[in-house]
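Take a look at the structures below.
Next come two complexes built around chain A: one with chain B, the other with chain C.
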Partner chain A sequence: MSLRLKQLKLRAGAPSGIDHEFADGELTVVLGRHHSGKSALCRLIAGLDAAPAGSLFIDGIDISGLNARLRPVAMVFQAFVNYPNWTVEQNLASPLRARHRRRGRDTAHHQGRGNGGDAQAVARRVRMVAESLQIDLLLDRYPHELSGGQQQRVAIGRALAQDAAVLVLDEPLVNLDYKLREELEGQLRTLTRQTRQTVIYTSSDPLAAFALGDRVLLLKAGEYVQSGRPVDVYSRPVSLVAADLMSDPGVNLLFGPDHWLAVRPEHLSFKPPSADATAFPATIVERETNGSETFVHCRCQDENWVVRSIGVTDAVAGAAATLYADPANVMRFER
Partner chain B sequence: MNTTMRARWYVYAYCLYLLVPLYWLVNMSLRTRGDITAGLEVVPLNPTLGNFAEIFTNPVWFTALGNSLSYVVINTIISILVAVPAAYVFSRYRFLGDRQLFFWLLTNRMAPPAVFLLPFFQLYSAIGLFDTPLAVALAHCLFTVPLAVWILEGFISNVPVEIDEMARIDGHSFVFFFFRLFLPMIRGGIGVTVFFCFMFSWVELLLARTLTGSAAKPIAVVMTRTISASGIDWGVLAAAGVLTVLPGLVVVWFVRRHLVKGFAMGRV
Partner chain C sequence: MQANTNKAWLGVLPVVLLVAFSAVIPLMTVVNYSVQDIFDVQTRVFVGFDWYRETLRDPRFVDALLRQILFSSLILVIEIPLGIVLARGLPREGRLLPLLLVLLAVPLLIPWNVVGMIWQIFARPDIGLLGAAVNAAGFDYNFTGVVTDAWVTLIAMDVWHWTSLVTLLTFAGLTAIPGACYQAAMLDDASRWQVFWYVEFPRIRSVLVIAVLLRLMDSLMIYTEPFVLTGGGPGNATTFLSQYLTSMAVGQFDVGPAAAFSVLYFLVILLLCWLFYTSVMGSSKGPDPYDEDGL
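Up next, the complex of A and B:
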């Protein structure tokens, strides 16, 4: 089901609201730095906070006033949140049992049916979710007996078990180490493709947008910046902010009298890529390499620049160098 | 002997030193009146349970013990019932004057109980509460409720607020969340709080004595009155002392693990 934001303000006093549609079955990566309003957006969608202004629609139905309990929205927090006194099995079954209890109250007086069938359905669903996240051998354990990665798997599993129309993941993998993050990221992509849920995944890492996102939505200081397919946003940023958010490390900048010039680190090279390449004279400051790629830090017209090149590049600190970029890759933004 | 070993022996020695009066109390409770006044006995030569028998057969002692226990239990129950929701609100919600209110609660603990003697006495006499266990329990609530709120607020703030939010997203009702998920999570804190309410009410003498006459007389009062009435029966008095210490020991035994956590959080 699609989720539409209509003139939604992330914080009181924001100059303008956000209009955006998260399409049915797509995964949107919401990209922004700290305090860009990513978490605020998640909490508004989940119904944990009331929106200062604007409204939310799921499939055209206004859910702005709907209690978080009743919203068809599941959520995973950045911190590993599980119920400490419940086993993994009980944690995973929690949203299902809550739903059955709600339904039971509504129908109890005109239906004398026992809920033996419900219990079986819950057990089946829990087992399925646990298997898909590889925590099916941990069902009898308590959260404090699990590693960080396993704890977050349980939290993700609980959100998946809910089978809500919208799944919100608020930087779920930030607290995990690099290897685990990559592994879980891959699994999340497969799982969310299978469930066909509308997924909102926040991150500050452009790589996550490329790795996971059908779409990307850029936020800055609680304001909408740009949205679209990751490759489109990458190649056609509407503003300097958009270009910078989709670049890691950030874009290299030059200040003109009435404009900015911005070049992504990966678009710079020490040899001219074409005959009409733009040249930037610079001084090399230092070099860091991880073998597969090298970051060379330079000074260019009193600005700190970074060049990202493939493999190990020789660069001597203090030496003068000329950096080249294809004119098509030199972005110009009016001030 | 290395330093850690020596330090350990100092601690043992200190504990032993602390236990001397307690041991002496037990020692006395196992001897007869004549024995005690006759001279020093480190280990009772003719140990007897007669003093304890006297307490459990004499209705004065027996009802006094019952009175004490009843107001202490009533006080603890009221304190927990009132303090758990209050502490939850203080921990989870921001409202106008919340910090001030929280601090004001604590200031109640700063006034000596004697200050409240006269108003309580007059009030209870006027409304017919005087000389009932409920009178003492309510008076003690003035001190135990702020204490309980303070301790519980620490334990509750230790539970991440995301758990509350998670329960809402999962679709649990607040009642279900609070009783089935939240209370079990802070049961250690509740145990510690029970201990402190219990101990305050159990050892408090001034209010308990003033607000009771003959019907609801607590055991500590009976002990002090024995001294002035029929001479002093040291053995029975010591036995009563031992019985007074026991409930505290029992409660400590149940909350000993959580007590350490409470101390570590600085709330106890």
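Up next, the complex of A and C:
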């Protein structure tokens, strides 16, 4: 199901609201730095907070006034949230059992009858989710007996098991180490493609947008910046903010009288890529390498610049160098 | 290569001396007294376990012990749940919170005999604010004359004095729980009771164990407050082990029996605390949930 934001303000007093549609079955990475309103957006969608202004629609139905527990939205938090005195199996089943209880309450006369079938359905669903997240061997364990990655898998599993129309993941992998993050990212992509849920995934890392996102939505200080396919947003940023958010490390800047020039670190090189390449005289400050790529920190017209190049580059600190970029890759933004 | 010497033992010596003088020697002195009958400095007779046998057969010791256990159980049953309820009722932030925390801490800062004095005056049936008010309301209340009144007053005093400790400990435990846990529970449609039992309780469990242990130990040793409030009366109705021991050791100067009594008293406290701790920790499903990569 699609989720539409209509003039939604992430915080009271924001100058403008956000209009955006999260298309059915797509994974959108919401990208922004700290305090950009990513978490606020998640909380508004889940219904944990009331929107200061604007409304939310799921398949055209206004859910703005709907209580959090009645919304077809599941949420995963940055902290590993599980119930400590329940096993993994009980944790995974808990939202389903809560739903059955609720349904039982609402239609009390149906209760005694459907429970056996329900219990079997819940068990099947739990097993399926556990298998897809590779925690099916841990079903009898308690959360404190699991590693961080496994705990977050259980938390993600609790959200997946609900089979909600919209799945919100608020920086779910930040607390995990790099290797685990990559692995879980891959699994999440496969899983959400299978379930065809509408997924909203927040991050501050542009790599996540490329790795996971069908779409990307950029936020800055609670305001909408740009959205679209990650590659499109990367190659055609509407503003300096958009270019910077989709770049890690950030874009290299030059200040003109009425404009900015911005070049991404990966578009700079020490040799001219073509005959008409733009040249930037600079001084090398420092070099850091990890073998596969090298970041060379320079000073260019009193600005700090970073060049990212493939492999190990021999750059000497203090030496003068000329940096080149293809004119097509030099972005110009009016002030 | 260095020759293998035993010089490292010298490094341990300060600790050995410290422990010896702070714990082992004083305790063994008491144990030494407890197996002798001492008439004067020169005349002492080894009597074996006679004093222990005598103490255990002494109905006043047994009564005081039972009173002690009843008292500890009652105050735990009241203070722990009350402390949790108060801690949950405290606001998590805001300007009111520091004020409330200070107010809660006030009873903990009052010297124990002052607490006894306060309640002694507060509960006096003729002029005390509480005592006179209760009598004016039509209840016949006199904590110096009626056994149940004495007990009620004593327990009220302890609850007033120590519930804050449980509240503050529990509050510290509660504030360490990430907000996301509550929000997830809210999305799962958990009731207030379920939030407590499934979200909060497992995460404040270890703090509660400490709170119970502290209150259990302290209440087993209670001396000053009942000494000032009731003096152990009416009759012996509120005479606890420590008071009986004092009257025996200081009042009658029966060093031998008092020493045996002391050893038994110490063992009772040790045993009860050990029983509590092992039963709670034994039934726990593994380590603290905050451990390492736990929540």
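Things worth noting here:
As a convention for this text, the second predicted complex is superposed on the first by the 331 of 335 C-alpha atoms of A that agree within 3 Å, B and C clash if a C-alpha of one lies under 4 Å from a C-alpha of the other, contacts with A are read in each partner's own complex, and residues count from 1 in each chain.
Operating definition for what follows: a contact is a pair of C-beta atoms (placed from the backbone, for glycine too) under 8 Å apart; a residue touches a chain by one contact, two chains touch by 3 or more.
Computed from a predicted structure; not experimentally measured.
In the three-chain model built by superposing on chain A, chain B clashes with chain C.
Applying the stated contact rule after C-alpha superposition, one finds that A:94 touches each of chain B and chain C.
Once the two complexes are overlaid on the shared chain, A:75 sits against chain B and chain C alike.
Applying the stated contact rule after C-alpha superposition, one finds that A:147 touches chain C and leaves chain B untouched.
When the shared chain is aligned, no partner comes close enough to touch A:291: not chain B, not chain C. Residue contacts after overlaying the shared chain place A:311 against neither chain B nor chain C. Common to the chain B and chain C contact sets on chain A are residues 46-48, 68-69, 73-75, 77, 79, 81, 83-86, 94-95, 98, 102, 158.
Across the interface of their complex, chain B is touched by residues 46-48, 67-71, 73-75, 77, 79, 81, 83-86, 94-95, 98-99, 101-102, 158, 162 of chain A.
Only residues 43, 46-48, 68-69, 73-75, 77-86, 94-95, 98, 102, 142-148, 151, 158 of chain A touch chain C when the two sit together in their complex. On the chain B side of its complex with chain A, the touching residues are 160, 162-163, 165-173, 176, 181, 184-185.
The part of chain C that touches chain A in the complex is made up of residues 178, 180-181, 183-184, 186-190, 198-199, 201-203, 285-289, 291, 293-295.
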